[in-house]
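Below, each structure is written out as structure tokens.
Each of the next two complexes has chain A plus one more chain, namely chain B in the first and chain C in the second.
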Partner chain A sequence: MTQITLHHITKSYDGQNAALHDINLTIADGETVSVVGPSGCGKSTLLKIVAGLEFPEQGQIFYNGHDVTEIKPQARGVGMVFQDYALYPTRRGEGNLAYFFEVHQRSAAEEQARIKATADLMGVDFAWLLGRTPDTLSGGQQQRVAIARCIVRDPNLFLMDEPIVNLDAKLRERTRMEIKKLLRQFAITTLYVTHDQQEAIFMGDRIAVMRRGRIEQIGTFDELYYTPANLFVATFIGAPPISVLPATLENGQLTLANTTWPLPAELGDRLPVGAVRVGVRPEGWRLDAPTGAALTVRHIERIPTQQAAFIHGTLAGSAVTALAPLDYPTVHTLAVAPLWENALFFAAEGEAILHTPGTPDLF
Partner chain B sequence: MAAITVKQLTKRYGDKLAVDHIDFALREGEFLAMVGPSGCGKTTSLRMIAGLEPVTAGEIRFGERLVNDIRPRARNVAMVFQDYAVFPHLTVFENIAYGLRARGAPRSVIAERVPAAAKTFQIDPLLGRKPRQLSGGERQRVALARAYVRDAEVYLYDEPLSNLDAQLRHAAREDILALHQQKGRPSLYVTHDQSEAMALGDRIAVMRAGRIEQLDTGSALYERPYNLFVAQFIGTPGINLFDVRLRVEGEQIWADATVFRLRLPDEVQIKVRAQVGQTVKLGIRPEDFHVPKRAPFPVSDENTVHGIVSVIEPAATGCAAYLSTVREPSQDFAATFKLRLPATYLGKEIPLAVDTRRVHLFDPATEQSLLTR
Partner chain C sequence: MSLFPKVGRQQPQLRLAWWMIVAFLVVGVVLHLFPFYYMIALSLTPARETLSATPVLWPSEPTGAAWRLVYEIVTRSSLDGRVRDLMRVPFMVYFGNSLFMTLMTLAISLPVTSLAAYANAKLQSGRSARWFFLFFIGTLMVPGVVTLIPSFLMTRNFPFPLPNPPLIPGTDMPFPTLRFWDTPWAVIIPGVFNAFNFLLFKGFFDTIPNSIIQAARVDGGSEFNIFRRIVLPMSVPVYAVAAWLQFGAVWDSYLWPLIVLQTPEKIPTAVAIANLMNRFMQAGATNAEAAGAMTESMREILEAGLSWNGLMVLGLLQSLPIFIMFIICREYLMRGIRIRGLK
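== the complex of A and B ==
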């Protein structure tokens, strides 16, 4: 039962460039927050500060309202899972789980009871892993032992740093589901760091998007996707990424390339006159639109496993990706128009957002 | 005639067969992706074709020419590696020019081609930099440009995108396809990621334990897998598998999973008459579950499964939902939808209609498909 609060955390390694700049974040009890961003954005530093492996220059960290900023990592009750598993190589699975109880001189009865309870919760085949040394286990199995080793200690908080990055694609898909189920089951407050946006979306109840030491936005996937805080978040979330095209607004009409469309009145009234940029996600295009602009097709990526295709091309010099049915014909050009109820609008320069569509109402 | 022919190609390390008598042919201009779990022999196969790994047995031919004993450089292949293999002490320009210089290309050709290649991959402003001043994505584009300036007979790729971020990977796929379309030469691309193989390959070879399990177009692998391994390997989320007993009731064959049962369509029934009474594996692809109101086929209790939603994962094409069956023994399965299921359905029970025309059935002992071949 732990709520984590980061209050105005600032950290710099060289005294000038901030590795973390005024980070404020609250993780609710039992919640999983994933932290995602390009390499060097400060996400691993953030994790180390929460763990107590690094200390902030300014700001405080609270566990359940208690200031732990100066508390040593061992006393924080944190379970950490790393990308390289870091199991004790000479110990079997069970020995890895038992280590904590030996070091802390807990009773053998407690040790056995906790290991048994954890193994039961980890699932049917976990007992088999307890009898094996790490070198005889696959990456995914080692990672399960590493997670169990955290759970057995009954931690206040889970910290995971790219725990499945070293697994191959198929194993990663299975392991992330196992981790997600375990986090649900134990309802342990978790900070999950990854560079992979899809993994962040999957694991996190909320997702914090970081760049250059700052949290650009934190929210559920829908909030980040439909109401991004700025151009960076809009382009970072969503794959294939959003297309951003320069356009001009005048008299409630939008001109993009050589095509002019009337905007819905409530949208036209809200936007400034002059140069803007319009952002359209792959599913936000109307294909073969009667009043469309010409999209020059570079390549049609057909994905039978998603029963869909992506049309990659250029529209008036800007790269565009549009979602299409799997059997869409192979063409060299087609007429497309943005679906205005899904479109985003950005200022002509910089990263400011002028309009977001908000979460759509499907039912 | 095929551009590259591989016959009974074998690689043995001690008593381990890394590549086990594989056969395949690459057509002129074809992009072939080789995919499989780690240790399946895909990279070893590629390295034998490149000449970086001696062949234990079998033949590799470029056109008519047997190249088994020809040194890598004389094979005229261009290769792109996972770790980019750019030279740290050389500038971007010199890295791109390296293959041309090594083959004695005239200075005028280098002066013309290197900047053109750099422009194609949008690294022309970086020509004077050293690799350590570049990001991972930029380094990979240097490696691609280095392959691009060559006039190689064959282009080989060894997991070139696995060190890139998700966002960069999408752009880099486009770069690789651009390179391939420009060159029009046969290309072999090795990856452990089936979605990458599906996005890039004209055809895909699925490997396991040194053997090619199936070589086909992406849609054929997906729709008509020969065996359980291919069915499971291709597609994400993976195919859902249920142990079912085939039972006859009212002159119809049903697949009975105890937690649900489905009446099989006539065209499937014809193929599994001999298995009636037996337990087989039923495979249902995630997108063959439909929200009943939007199913493109009639829905009844003969094709409906109930599940409790545990996770909803958004995707550009809609969403994936992870569910568990309602009745015991509870089993997890995944369904994908063209719409975004709202988060309000988390923890709720929903009915899903199965497109039974698209199900798969496998023999549990041989793991072969009962419906294909």
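== the complex of A and C ==
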């Protein structure tokens, strides 16, 4: 059982551009943290530094309070799953699982017992995979062997580097469930890297959003969604994304897309007068509002499983998506108004956030 | 096959192109096989016929005389003293020399070269990796004749490429040097690092995904264990190719062993056969005595029954190990491709 602490980690590959910049992160024992961010933001580097495959230029890593910054990956006892599975091509499934026991000079009996236990855990048909060479396995099967190789050693830390991104959509769904089940079963500290925010939300107890080598915000999904730290996090989290519209605030009145609304008093007092930007999530629109601005509809996307439809359109030149009931009629324009209690306010320039609605008390 | 699409094979133009490619390849195969055919045909030709002006494509009366004669020469079992003296040392000694030098070079060179390539491909990174790579590859750019004399001098006064070792400053004692001139090591040591094989290994190791090495590291394997247990089994085909290339190069090398090996008991078969051939082929002399002696020597050899037919038999014997090595390496190459180490 391991608690991981990253302390002011800085890493640069070429000496000039920092791949990681002053990363501070604590992962509690048994917690799963998803790291999400656009490609090239340093999330894989972060994972490799935790594994010991890369060494930071500055900063320290602690496992349970022990400084492991200089410890080689061989001695850290982590289990890692790679995006390309990274199975040993000349070894059968069983040989892939056995390598750990071979290099640690464990007894054959222990090796067999552990492989058997892992196979039982991985499901009924897993034993069949053990006798096959990796090139005769499909992507999903290879990934199952790779996950088994990761758990067969009883790792004190799981590291997953986009493990399911190479699988097709259906298999991805199933493997996602399987990994989640395993994580719950083991309750092992996990760092899960992905570029897919849905996956990050599904896997992680907490989510770290990264950009250009920095962690922009870390928190539960609700925290990231309702109280984003800046414009980047607000636009990155949420699908379909938040609409950010330029507006002007004067005398407690907000002008947006040639329409003026009075703001609720406690909101109007808190915001600076002048140009601001308003962020409205799809569910933050009131449809057919009597004082609404005209939304030109481009396309209505109906999603029966969620009993909802997304109205994609433009409002005064900006792309806007609004949530509607599934049976909302097909129209060309409709009047929309922001629900002020759900709206976010950003500064007119830069990424600073002025106001967030705060995490709702759902239960 | 994959050169040609399956679709549209029936079209006349494609068919024509297909047959033209086949014809081109047939010409290539014939060009490669003809020398071997000619060697075999000539080895079965009677001595007199090999000296005729018209080339012999197939002997009028095939005979095994040359093979018998060569057997007598290499075993020195002939009752005729002239035949016995054609080779001063039993052929098996030359063969043993060749085998020792070649196998020893392989045994040292393959691990050294492949480990260097692995380190360059997977353990070094960035600028240092690039410079090391350029340095190693740079040795390919220097023509062999440029390094021939310095290398020769080095075998005499290792590590100085000088005719005489320099004196230790302040004394009149020369630096101690190592002399492996006129020993098999003079042939083996320069072949230990093979830049071409380095390129071959490096090209292959570059195709191994880093994640496999990283996965093995996370599994706890030491760097050498990873090389031995994970990388080596994947690399069998490359080792087969490299071993075959180097086997052929060392086995057939002539100039270098000729320079560094003097004692007749130490020369390899390539040099021994060439020496024999030289005695037969020498032409031109500066004075009458030399010309007379040469004619005498040629007459002796011819009288012993040795002509081009016998030399062809020796040539075939010389190439035989390379064929055998090719068959062995090909087997490993194919097996390696089957286990999908090489994609």
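Throughout what follows, the second predicted complex is superposed on the first by the 357 of 363 C-alpha atoms of A that agree within 3 Å, B and C clash if a C-alpha of one lies under 4 Å from a C-alpha of the other, contacts with A are read in each partner's own complex, and residues count from 1 in each chain.
Everything that follows uses one rule, which is that contacts are C-beta pairs under 8 Å (C-beta built on N, C-alpha and C of every residue); 3 or more make two chains touch, one makes a residue touch a chain.
Quantities reported herein were computed from a predicted structural model and do not represent experimental measurements.
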{"item": "Three-chain arrangement built on chain A, chain B and chain C clash or fit", "value": "fit"}
{"item": "Chain B versus chain C as contact partner of A:328, first or second or both or neither", "value": "neither"}
{"item": "Chain B versus chain C as contact partner of A:173, first or second or both or neither", "value": "first"}
{"item": "First, second, both or neither for A:74, with chain B first and chain C second", "value": "second"}
{"item": "Partner chain in contact with A:186 - chain B first, chain C second, else both or neither", "value": "neither"}
{"item": "Partner touching more residues of chain A, whether chain B or chain C", "value": "B"}
{"item": "Which of chain B and chain C A:133 touches, first, second, both or neither", "value": "second"}
{"item": "Touched partner set for A:90, first chain B, second chain C, both or neither", "value": "second"}
{"item": "First, second, both or neither for A:104, with chain B first and chain C second", "value": "second"}
{"item": "Least Cα gap, in Å, left between chain B and chain C after the two complexes are fitted on chain A", "value": "6"}
{"item": "Set intersection of chain A contacts, chain C complex versus chain B complex", "value": "none"}
{"item": "Residues of chain A touching chain C in the complex", "value": "13-14, 48, 51-53, 72-76, 78-80, 82-84, 86-91, 99-100, 102-104, 133, 135, 146, 149, 153"}
{"item": "Complex contacts: residues of chain B adjacent to chain A", "value": "37-38, 136, 165-167, 170, 173-174, 177-178, 181, 192-195, 198-199, 218-219, 222-223, 233-238, 287, 310-311, 313-317, 322, 332, 336, 338-340, 342-343"}
{"item": "Chain A-facing residues of chain C, complex", "value": "126, 209, 211-212, 214-222, 225, 229-230, 233-234, 339-341"}
{"item": "In the complex, chain A residues that touch chain B", "value": "38-39, 168-171, 173, 177, 180-181, 184, 195-198, 201-202, 220-222, 225, 235-236, 238-241, 281-283, 298-299, 301-308, 312, 323, 360, 362-363"}
